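Here come two complexes built around chain A, the first alongside chain B, the second alongside chain C.
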Partner chain A sequence: MKKYLIRRVLQIFPTLFGVSLLSFSLLYLFPGDPAEFVAQIRYGVEPSPQIVEEVRRELGLDEPFLIHYFHWLTHVLRGDFGVSWTEGEPVSKLIMQRLPASAELFFTTFAISVAFAMILGVISAVRKDKAIDHFCRIFSLLGISIPSFWLGLILIWIFSVQLHLLPAFGYGGIEHLILPVLTWSFSFMAIKTRFVRSCLLEALSQDYVVVAKAKGLRERVIVFRHALRNALIPIITYFSLSIHHLIIGSIMVEVVFSWPGLGSLLVESVFKRDFPVVQALVLISGVVFVIVNLIVDLLYAIIDPRIRFGD
Partner chain B sequence: MEVVAFRMGIFRNTLCTLGLGIIVFIALMGLLAPIIAGDPYKTNMSERLKPPSLKHLFGTDQLGRDVYSRIVWGARTTLLVALTISIISMTVGCLLGAIAGYFGGIVDDVIGRIIDTFLAIPELVFNIALVGIFCVAYGTSIWNVILAVVVTNWVSYARVMRSIVLSLKEREFVICEKALGAGDWYILLRHVIPNALGPIIVLATLNMGNVIMTISSLGFLGLGVQPPTPEWGQMINAGKNYITTAPWLTFFPGLFIALSVLGFNLLGEGLQEVMGKTKAVLE
Partner chain C sequence: MNINSYSQHYCRYYLLKIEELKVHLKTEFGVVRAVDGVSFEVERGEKFTLIGESGSGKSVLAQSILRLLPKNAHVSGRIIFEGRNLLELGEEEMRRIRGRKIAWIPQSQSSLNPVLTVGLQCAEPVMEHFKTDKKSALLKVARMFEFFGMGRGRISDYPHQFSGGMRQRVLVAMGISADPEFLIADEPTKGLDASKRKNIAELFEKIDKTMLIITHDLEFAERVSDRIAVMYCGEVVEISPAKEFFREPLHPYSKGLLESLPSRGLKPIRGFQPSMINPPSGCRFRERCEFAKKICERAPPESIVDGRIVRCWMYAYEEGVRKVGSFGFRKPSVGLCQKGNTRRNSNRNSGKNRNSNGIQG
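Take a look at the complex of A and B:
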């Protein structure tokens, strides 16, 4: 167990290194001279070469790549992502301002999607190949095929333009939350429903279910007390993996509804060429994914002894 | 035997037939665009924002262009870009994955870590960051989109290919060939890659759906294929400003995005089913 834990924890470091290197290198893909670009924003159209050099030193661009990377990394580890080029504010402050909106959207969508995915998935598996199963299948295929930005606009057209029931965009009360959550849940739920269905079907095909049936237990008892309990481990793993959406939720949904979250911050920053923000967001989304993955794996090993003694 | 059983399966499977039908329909739209549609660039200021009618099946846009023609030509844009992306990603991904799986050791470690890194960063986040950079750097070329999507897209191919090769490596026929003195590249090209084709085709089909979704999403954000080239996502981006007065500008392009993605998803799922069954029959 200890060996497994140590090995699994050590595994994340190469990936974390890769993610940090990749997001840092984005700066070096910048077209033209970043120092000149920043100097222009700060000091007007034609900054003197002296000012450009000063900015270059401040950005660390006068250093060799690896030393610059190392400096950047030490700052990042202290939570300092630098200063936004266009806003002049610390990147971490900009991110913290947007995080609550992203979190609010994510958790509401998550709660609703999980509830529905569980219900639909279980019904689908129990009534396999019946009408309701086919319906669920079509529903989830549509969920992954319909672009969320389009669905969002259609919902705006129906509920805001035609019926005047809900606001089309913005952030605030619960009425602002309904349409974005509805839009995102549709695709979020679709994939999860399929997963619940296949996990439960897998569990229902096990020997202990045959035994339970032979004992004459009622279907409800078999499904809920035996099969579902065993199916829950992969299901919970899978659900918790989607926590990484918490950071950069659904970019498309945020953009459609002008939701002030981190997804729309990313798009805005790309348009403004605000590189420190883009770098930070790419880095954070990668790191969060790696760490959530690690936590899930470790929990999994604690819950399920087959894994920790397996190797 | 295998091929015949497989072919029969494809046409008996409802999902496959339906998916294939949709894909053929969209492909025909793209191919026959010059015949079945008018000029997608022709503006007509006296016919701005006209609702759907017999003359303009899907109405006209803010510049008086025929939405039907733009959608038909858009099929060509989307399919060409998506195909290019898929072919490049497939080649790069399969090669790297096969090399990693076959040679193992330090090669596998390096490629494996690169794959892990790319899997960790959400695809769209990275696509948006890259396409933003390329747009400024290299102007509004279609290759920006292709390059930005390929950078993240090859990973899924590499991952699948690597695990296929790992499992094939231990099979008897490969061990035999080795004992007979066959070279590494010979085995890779002659045995491993043909055996991996099935799963890769399923992956490529499902992946085409994802790629189309990514292209449209980038188009919608204004970072994808640039106007005036007709592209569905970008058409919605322009159309959304007129959603109160001209909802057809948003409605029709989205319908075709959904339809194309659905087509590839249906076919991919169907193929998965058929392959499972073919295997069962042959064994």
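Take a look at the complex of A and C:
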């Protein structure tokens, strides 16, 4: 277990290096000269070449790529993502302003959709081919086929425009949270419900389930102790891999509902060509993904003794 | 004597009686008649072994007793256990019998849950049927593990940490943990090497419980069983006391099985087992039988030969004429008697004393 843990933790460093290199190179990959762009923002429409060169030196763009990267990385490691080109404020401050709203939306959606996917998936597997299973099937089919931006707009139209029950956009109390979470989790949990169902059905068809039944165990014990624990291994993999869907989806949902989170900050910054912010956000989402994968691998070890004692 | 003596008196002869059991499995290719009219009794205290080739329906038969078959299986007939027909019980009543009254020792491959400790898996029947807490159930399991020569500490290990032979012992421990009346062991020596098979045989000899053993390991069967039933193509073709069976099998198929053993000439039975979807009419073995005659196109009756049951025309009377001679087959050294005369033979093994734990010390 210890060996496995240490190996897994060590493995994330090369990945993190790659993530940082990629997010840093965004600056070089985008078309146009960043120095000229910053000079334009600061000094008006047509900056002189001297001013552009001055800005280039100030931004460190005159240095070779790797040295510039090294400078950037040492700052990032100290939590300094530089200064926003358009806002003139530290990037970290901008991110910290937007982070709570995003986190609130993200965790609520994730918790709700995972809970519902598990509950509905287990019910439809245990009551396979019964009415409730068919209901869940239709429900998931809708969730898969309805695009969430459309669902979001329809929900706004019904609950805000027609019924005046909920705010259409913005950030605030719990009533602001309802529509974005509903929109977002509906599509997110749809496929997952089906996935939980099929994983559980697969586990329920194993020999050890027949053996558990032969021991006179109750159905509840058979499903939860014997089958679900085994089914959890693929379920956790799939859920964690889908977290990047959630991160990408957050951008769309935040834009539709004008949610002041990191997703809308990313979109704004891309449009304003505010590269330090874009770099930071890409880096952060990459790091989040790497950490999520690490947590998942540790969860495997908790659930599956074959991994825990494997080496 | 304990309170069980009443129930023992109640079914003095048999613990389990199967009457005209049919298990038909609906598949996309047609109805597989996996068990097709099987009757036998398992007497209290004996080890009754079902042998036969793979696919002869013996495992299905065993699973139908505990009603573990999937929904596409249609089971008819009667399975009488302690005076009740198991096929008529409600699901909850059946659940109380499983593991507590009738336990199942499954085949070793993938029968253990990979993510639970073996100790918990063995303790589950105890926890469920005696409502004990996990701790004391595990204590009982630890004692059993010690008895089976595995060491107490191993209860907290997982199935993948056990070798095949050890896993089979765990399965046996799991079967007897709730002290059932009746054990069904499904191919307990499958996939084990010779020395492990010997260990399992020794273990089975130590367990003094009424048992139904399913196997195609004839050497194992010879060692542990009191009576042998031979299944062929969904039917039982012979039931004999083990000693007599291995000394002189009656049915041509039984002979063929024994002769296919390496120690007895390694001579395989010619041909293949017929399809269970459209089994041949008459005697199902006749296409592979070297003694087959015209009469074998009719289903052979069940004959009793010195208390042994055999389903073959060679041993049948027809219109008062003994047919045996005309088959050109060495007639059995035992006398023949007509069906329905003495179904119950004298093979009740009385030599074994039983204690409450079901284990002989």
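By definition in this document, the second predicted complex is superposed on the first by the 273 of 311 C-alpha atoms of A that agree within 3 Å, B and C clash if a C-alpha of one lies under 4 Å from a C-alpha of the other, contacts with A are read in each partner's own complex, and residues count from 1 in each chain.
Methods note: a contact is a pair of C-beta atoms (placed from the backbone, for glycine too) under 8 Å apart; a residue touches a chain by one contact, two chains touch by 3 or more.
A quick note: this is a predicted structure, and the numbers were derived from the prediction, not measured.
By the document's definition of touching, of the two partners only chain C reaches A:229; chain B does not.
Contact with chain B, but none with chain C, is seen for A:141 once the two complexes are overlaid on the shared chain. In the superposed pair of complexes, A:157 makes contact with chain B only, with no contact to chain C. Of the two partner chains, chain B is the only one touched by A:290; chain C is not. In the superposed model, A:217 makes contact with chain C only, not with chain B. In the superposed model, A:39 lies in contact with neither chain B nor chain C.
The larger set of touched chain A residues comes from B, when the choice is between chain B and chain C. Judged by the touch definition given at the top, the superposed model places A:244 against chain B, while chain C stays out of reach. Across the two superposed structures, the residue set of chain A contacted by chain B and also by chain C is empty. For chain B in complex with chain A, the residues that touch the partner chain are 113-114, 116-118, 120-122, 124-126, 128-133, 136-138, 209, 213, 216-217, 220-223, 233, 236, 240, 243-244, 247, 250-251, 254, 257-258, 261-262, 265-266, 269. Residues of chain A that touch chain C in their complex: 206-208, 210-218, 221, 225-226, 229-230, 303-306, 309. Within the complex formed with chain A, the chain C residues making contact are 63, 66, 68, 95-100, 103-104, 106-107, 109-117, 124-125, 128-129, 158, 160-161, 174, 178. In the complex of the two chains, the chain A residues touching chain B come out as 14-15, 18-19, 21-23, 26, 29-32, 141-142, 144-147, 149-150, 153-154, 156-157, 161, 244, 248, 251-252, 255-256, 266-267, 270-271, 273, 278, 281-282, 285-287, 289-290, 293.
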